[in-house]
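In what comes next, subunit A is part of two complexes: it sits with subunit B in the first one and with subunit C in the second one.
And now, the complex of A and B:
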């Protein structure tokens, strides 16, 4: 009994270490924040379109299709890296990819799209980052899946990579 | 003897370094002068709020201390909200509606966080009970 009394704190301590290690390192990445906007309406915004130089037609873009909303900028290196995946997704039937150009020089952004190809049905200009804040974005690239009803279903903070593409794609299929 | 003196000097320098560093660090804020509000009362409210709001990029800094661009944007939004007449609660709600409770450096007391707040007290009670029980038993054995 006495022996148990001395050993028990060590056992409890080891258990706590194991739980922390499991939850913080194996299961989740604590620097990855869950979005509070999941299952909520996609925030509305009014701005200009990078492509047409006219008003960004929110109602037209956020229609009954499944939408992928991608926050990007020409100065953002991981955005270039994930671009091929965005491109790939935009070629699929029933998926609409909307770009939001975050704090960028429109000229450079257009140049960037010229170089890498334009997967976006339209690109909204977010020159001061207000749209991003309303969407709870904390670092681009960030990609949202918005369903036919304009409800946000999923948020990926950080670039789409070879590693997370399948998980991301499964989320798209689920909401198609 | 000589070595001892040298070590003493080094130690003294080391302490001096720590003190000066901490003085400099405590005066170090990321808020830039052009962000200040004209009304000192409103500015004070803005400073108070930004000290309680987490910078989502540095995560262990408040947006008051952080020079990350997002922190600056949030500081400006907070100041705009205050000049527009929002109360502190409305400003906090604006932030948590977008970024969740994580943006608050102090986690709020609610059902999902109740364990976080009361667990230390529960552990404390368990410790008292265990110690009492152990004491009683050891007295019996003696």
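And now, the complex of A and C:
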């Protein structure tokens, strides 16, 4: 009984730490938030296109290719940081990227794309954040992989970085 | 410029903390000079880096990423300053500052008799400081800059623009960091096996008292913020962030009381050493849960796995070391004198066990969603029903014991005498419940139980007070006046708990809520009040625009009591919207109105709450904190008087 009193704290502690490690490292990266939308249809929306100033052609953009959907804004610093990876995926790997411009000033957003380059096939304007709510976005940047059937396959909360780029690209290949 | 200086100061702090570690490993009285250099140097350089970050925020130096992301030129000065710790990096720097101040206070304990104990404590403290400094320097450096200087910042989360929230983190950090000193002292005691017979518990007590008092105040301010700012009508949501502060609080409450037993009877020493370790570990685990994004809560914004991994490794090392040490050394601290459960120390031990079990069940409830996720990959939340079902039944016996505990004597108890002493409180409690029942005709059992418990505590406090005064007047030559003072701080704190129970019971049992769509000139009855929606206007604030509703409140006699003006604000800079609650408070109830979405044609969603007795929660906590501060002052005096 006495021995148990001395040893039990360290045993319980190690179990707890083990569970946390399992969750944090082995199981998943917390930025890969499980989304209720995984394996569900991509939510539809109607809005204007930032590039053409006309109606955003949802049916045309969400066609039978694999595509990634990237929520961004000109005021978002991590978005600027991840932009080169989005660019790389679009221009070098030839993957279709649809941008959704979240709560932004269209003028600034266009200026931003001019400065950093435009990897997007088209950009939907989400001025009041409604699209983001429907897609369950926590904060930007967030990027979704949507397959040929318009089913969401994967969600990355936070920026694409040097570290997670390879895993992310593997996810794209897996769903292609 | 300021950011470069700040960064250098941070590295300087790192060097001083390494020096402190090296110097403290020598058990030599002469080494104190080097330790003085390390400790004061650490304090000075950390102060410098903290104020340099504040300077960057106040002057809106947007080249610093931290300032750019969290500040804006239009922000009021007070919130520019509190913005320093309103974000992850800055709050870690504040944590560091509090650590080095505490470190300085530990150093001040040095004297000829205790230098082994103090330098061992400073050594562990240095390990903790190095751990956190590396965390800041590697993963969360607030002085990182960018080459492009933006013309303005990204503003600030307007929901965080609140005075209660501005001082809430510093108070909590004083609490957590105070527990770090207690942790280090526990390790130092076990490590030296207390050869010198140092009264470690006497040194530990002021730190526990300070930590406990500031944690109490910090948690209460967090609640005040949630109540006034979030606009959900309640003040406690069993959110992971709240639980992270509640768990160390529960353990430090237990620690505080068992330390008294150690001081008086030298029993429970091993238990106290264990509690001291666990209380600090839980503080850091709480930080880990909140910062790593492993748990999602209303409070977390940042998701950063590297930070989580770092903190987890740090906790793992610290915890394994301390708990293995405990497993090996603690048998040296087992008391030989056993005591009966029916005594002062018995009642303290019972309540200690209850506190630990409650803490365990809060921990289980907070992390349960994670465990479920491993097996089912679903994220669930156990939320309020679980916590209410587990915590409340356990707390009720604790409160019953708490009422009677201070009346029991140490060691042996004369049960007849005790029964005589508590009979007035039993009588008083029964009378109050009956009066309450007759005047309100309520059959609400939880409500009656709550009122009963509150009157049980308060009447016992009055009895204790009466007995103390009688005892003092009997012995005019009573010498140790500090004992009486000490008892008074306990009496005040317990009285605060009684008042707190009144507030908690009232606001959770008899709350009324009316959610409806209201157009201008609509009326709504809540409790005995008639609420009339008179008008809605647009108003402009310093950095926001708002829609402001006017609600006239009439009482039963159709007399106007007050006009409540809840607002719906939009901050153009961040495009955030917030709702400003409007509240009318008196000693019996709060009227609480929140204005939601809507328009003139369809009406506005209006939430009206009738929250009885809420103000007693804040009064109760204030009284508890006063009791804690008084006890702290007395204990510091004892240290001085005995020249320890």
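Here are a few things to note about the model shown:
Assume the second predicted complex is superposed on the first by the 144 of 176 C-alpha atoms of A that agree within 3 Å, B and C clash if a C-alpha of one lies under 4 Å from a C-alpha of the other, contacts with A are read in each partner's own complex, and residues count from 1 in each chain.
What we mean here is this: a contact is a pair of C-beta atoms (placed from the backbone, for glycine too) under 8 Å apart; a residue touches a chain by one contact, two chains touch by 3 or more.
These numbers were taken from a predicted model, which means no experiment stands behind them.
Shared-chain residue A:14: touches subunit C; no touch with subunit B. Once the two complexes are laid over each other on the shared chain, residue contacts for A:158 go to subunit C alone; subunit B is not touched. In the overlay built on the shared chain, the residue A:77 is in contact with subunit C alone; subunit B does not reach it.
Legend: residue contacts after superposition of the two complexes on their common chain; A:37 is shown touching subunit B, with no touch to subunit C. Subunit A is touched at more residues by one of its partners, and among subunit B and subunit C that partner is C.
By the touch criterion defined above, A:57 reaches neither subunit B nor subunit C. In the superposition on chain A, A:139 contacts both subunit B and subunit C.
Of the residues of subunit A, those at positions 5, 31, 33-34, 103, 129, 139 touch subunit B in one of the two structures and subunit C in the other.
Note for the complex: subunit B touches subunit A at residues 56-57, 59, 69-70, 73-74, 77, 96-100, 102, 134.
Residue ranges on subunit C touching subunit A, taken from their complex, read 65, 68-69, 154, 270, 274, 277-278, 281, 285, 288, 292-294, 296, 301, 303, 305, 308-309, 312, 315-316, 319-320, 323-324, 326-327, 330-331, 334, 367, 370-371, 373-374, 377-379, 575.
Those residues of subunit A lying in contact with subunit C across their complex are 2, 5-7, 9-10, 13-14, 16-17, 19-25, 27, 29-31, 33-34, 75, 77, 103, 129, 139, 157-158. Put simply, subunit A touches subunit B in their complex at residues 5, 31, 33-37, 103, 128-129, 133-136, 138-139.
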